[in-house]
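Each of the two complexes below includes chain A, the first together with chain B, the second together with chain C.
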Partner chain A sequence: MNVRIDDRLLKNDSEVRRVGVAISVDHVSRAFDINGRPLAVLHDISLDITAGEFVVIVGASGCGKSTLLRLIAGLDMPNAGAVFVGGSKVVGPGLDRGIVFQDHRLLPWLTAEENVAAALIARGVPKAERLDVARRYLALVGLTGFETAYPSQLSGGMAQRAAIGRALANDPDVLLLDEPLGALDALTRLKLQNEIVRLSAKNPKTIVLVTHDIEEAVFFADRIVVMDAKPGRIRRIIPVDLPRPRDRSSPGFVALRSAVLDEFIDETH
Partner chain B sequence: MQSKGIYLPRGLLLPVAILLAWEVAAHAGRSGGVLIAPLEQIASTAFTLAAGGTMAVDVAATIARVMSGFVLGAVAGLLFGSVIGTSRAADWLASPTFNAVRQVPLTGWIPVAALLFGIGEGAKLSLIALAAFCPVALNTAEGLAGVSQSYRELGRSLNFSGVTSWWRILLPAATPQIFTGLKHGIAFAWIAAIAAELLLTSGPGLGSMIEGGTALFRLDIVMVGVCLIGAFGYAMAVAMERVEARFLRWRN
Partner chain C sequence: MARALSIVGIGALLPVVGLSFWEIAARAQWTQSQILVPPSAVFATIVEFWQSGELLSDIVASTCRVLIGFLLGGSLGFVFGITAGLDRRVEAIFAPTFHVLRQIPVIAWLPLLVLLAGFGEGFKILTISIAAFFPIGLNTLDGVKNVSSKYIEVGRALCFSRRQIIARIIWPAALPAIMNGARLSLSRSWMLVVAAELVASTTGIGHRMDWGRQLFQIDVVFMGVLVTGCMGLLIDVAVRGLARRASRWTEQA
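This part shows the complex of A and B:
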């Protein structure tokens, strides 16, 4: 079965994708038009992400890390190169990729469970079943009891939990997180970081997370991708071999955190 | 600032003062020959009109007119506003004309309606419908066009089709502004109904009732009509706010 699918891919795509590669960013460039002049945001980026891997992209603001995530999500298209997810070229958004934005983007006129259930509409799942699934995922992210609350009645952290539940509701292979904890207070952020680790251990997925928080990157990542700005390029890829669950105060953690920080300080020189 | 000696709610203070002044002026004016009807006469006229059944006929005629005109105009406004608020091509084609048309005050259309439809029901309905149409169309279009990019993007990330996205995201996101349009629409329809009845007098209606009172120099009849117009206008505004509150429960 798998062989046949691979054959078809080989015929249709000139590119041969390696087995076990969930996401392949292949010589991707992206420029935006700023007042009629092109501004290169990403320049010739290539990156392979293994299935089940947790990759964290860090970089100063303007390095194009969010743009890279949006290209993987299919919300934006590259000017050159291509992104492959699960062996297929990305031509637009798809339910194989769940996305969480920095703002929770819950629809204010829907309850928490209706918001999560909305993720299943495009698949034609009947409403009662959608709500069943939604309640399961709300329980998974710790929102039991808030199923019928409107977003305006949820705290920022709870709303972001619901948004994570919505991104997981289709059980996607890939989870894309665009600074998902950036707008939360420090304590809530810490809690949700532990929650994301718990979720990813329970339900392994290929995860790409964008952040500017270096401690968060060391806490989560199998590999940290450090990006340079103007134009956005991959500066270094740092593997993180620390045992899980990670202890933020362990010598290894602290050493790695300052090593990543050094990358940033170097950048300014 | 409130002294404990005053038992009247603050909001009633001014109306009571005005009514008292009116009453004093009416009785003083009587000797001077000015036609200010005293309150007791307005009240007894109201009672007579109500008992005789003509008041109910006039009120029912105006309400029925306003409702049918409003529904016609609001539905047309929702459809037209949806099209120009959704399609850039339609916006490009139709918005300049629409913006020109809605600059003409309603009273400017009354002679046009009279020439096209006479002074009967058709002219009145078309004026009321036009009055409701403009604010509903404008707010529907602006509401839909103004839906934030992040919500549209969410729809894309959930693989919504164009229709699903419109129904599940654009329309609900635009609903608060659509209700602003509907509230203005019902208020303008009410104004249009009274203006049309006053200027195209035919058949029963509150406007005709006032017009009749004016012809007879009966300020009491006119004032009964004015009070009814105010009361029912207020009731319709309140009813519309109730409907809005039901639809927009999520806002609180």
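This part shows the complex of A and C:
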């Protein structure tokens, strides 16, 4: 299909790769057993992500974008190929990677600060110190005053802020966001998008975000990875070279958004 | 507080009306007053047995059996539920038998248990243990197995050890179900202590009722029924409070 992307917006790929590679997805395939039949969800995916880069993966549902993120997180294992984070092969979850799910997944029997503090348990940090760190991260995500609130007492947006705080609490190199704003209303989503930009500017990390919201992708990404479904594979990688902070109504933003949208629509043929 | 009182007041309406009708029926000789003794006579009997100390010693005897049986059977059920819930191999070995046995009403065991354990304390403790074993066993098993995999995945993502996942995720998530099972177990234990004492005992509320039946002192039998109900309610209210505290987080979620 013809691709309508303004060449002036494209960043030179080799330029990006000069900085160290943080995440390397190397010929990864993943199939699931559906009623005794293997269903290929990801087929021979390769992708290098540089340190400090913000990569957004978009694609129709069923393209395996969440599976790819889970493989990077170490919550799932590939059938073929390997994922490397910081140079070492992923064999399971690690504290070098923080993950935020679509549903906040705060533990309902813990308060907001206890939920964030739980991120430090595996490192053996004493409880008082854990709570100290947790309060700092709650303040960072704008939840001061809600430290002792239970998840059921928080709004969806606030709960997701707390979940982001939990993912950040170990100061991981890599932040993995699995449609973190997908379940929120439009206004809350906009607010949290700005919040994520603010957080990533303040404390730069390698970020991989999965979404089906094209505008969100253009707003965040250094590169947008467009995926195809059945089996999931990378269709195209679109570098985004718009200046930050990004203005959603600027001509460049609007042009790129519609270009990605065209790519997206072509894919569903 | 006023609202709570008014709810109690509404709840008391039915028994008060019922007892009044019963009293009138008995006094008017609509029924055989030797069998359906009037509530006033039952009340007088309760006062009499309370003052003599016999009622208290009956309650104490039954309560002790319930506590011992509940602790034995309940803790076994708890251990079964936890281990089978956490380990599929244990579940595969024990759960099928467990699910067959739990279908059998404990009352149906009584004749066999008398033959097996005789008429002594062992028989009653065994009966109550069986009654206590199944509800907490079933609820603990289900509670542990039904912990959302999403929460367990959070533990994995945070690099929790197996022990930390059990202690910090599975345990708190399953606790409401476990407490509910404990409540059911205790309530069943109380029912079965009376049943066991009716069959074979020389002490306890059930024995008092059997004694009343044999001497045709129906007021004593009614006293037993009343005391059994009230004690059951008392135990349930106490445990329900504990269960609520453990599952407070589930209420708003």
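As a convention for this text, the second predicted complex is superposed on the first by the 250 of 269 C-alpha atoms of A that agree within 3 Å, B and C clash if a C-alpha of one lies under 4 Å from a C-alpha of the other, contacts with A are read in each partner's own complex, and residues count from 1 in each chain.
Note that in this section a residue touches a chain if its C-beta (ideal position, glycine included) is under 8 Å from a C-beta of that chain, and two chains touch if they have at least 3 such contacts.
Because the structure is predicted, anything quoted here is derived from the model rather than measured.
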- Query: Should the pairing of chain B and chain C on chain A count as a clash or a fit in the superposition?
  - Reply: clash
- Message: One more residue to check, A:Leu107. First (chain B), second (chain C), both or neither?
- Response: both
- Report for A:Ala119: first if it touches chain B alone, second if chain C alone, otherwise both or neither. both
- Applying the touch criterion given at the start, work out whether A:Leu190 contacts chain B, chain C, both or neither, answering first, second, both or neither. neither
- Query: Which holds for A:Ala51: it touches chain B only (first), chain C only (second), both, or neither?
  - Reply: neither
- Message: So in the superposed three-chain picture, is A:Gly94 touching just chain B, just chain C, both, or none of them (first/second/both/neither)?
- Response: both
- Message: Just checking: does A:Leu242 make contact with chain B only, chain C only, both, or neither of them? Give me first, second, both or neither.
- Response: neither
- Query: Which partner does A:Ala73 reach: the first (chain B), the second (chain C), both, or neither?
  - Reply: both
- Message: Which partner chains sit in contact with A:Tyr150 here, chain B, chain C, both or neither? Use first/second/both/neither.
- Response: both
- Message: Quick check on my understanding: which residues of chain A belong to both its chain B contact set and its chain C contact set?
- Response: 73, 75, 92-95, 99, 101, 103, 105, 107-109, 118-119, 121-122, 150, 152
- Query: In the complex of these two chains, what residues of chain C are touching chain A?
  - Reply: 150-151, 153-154, 156-161, 164, 168-169, 172-173, 249-250, 252-253
- The chain A residues in contact with chain B across the complex are 73, 75, 92-95, 99, 101, 103, 105, 107-110, 118-119, 121-122, 150, 152
- Query: Which chain A residues qualify as touching chain C in the complex?
  - Reply: 73, 75, 92-95, 99, 101, 103, 105, 107-109, 118-119, 121-122, 150-153
- Query: Which of the residues in chain B come into contact with chain A in the complex?
  - Reply: 150-151, 153-154, 156-161, 164, 168-169, 172-173, 175, 248, 250-252
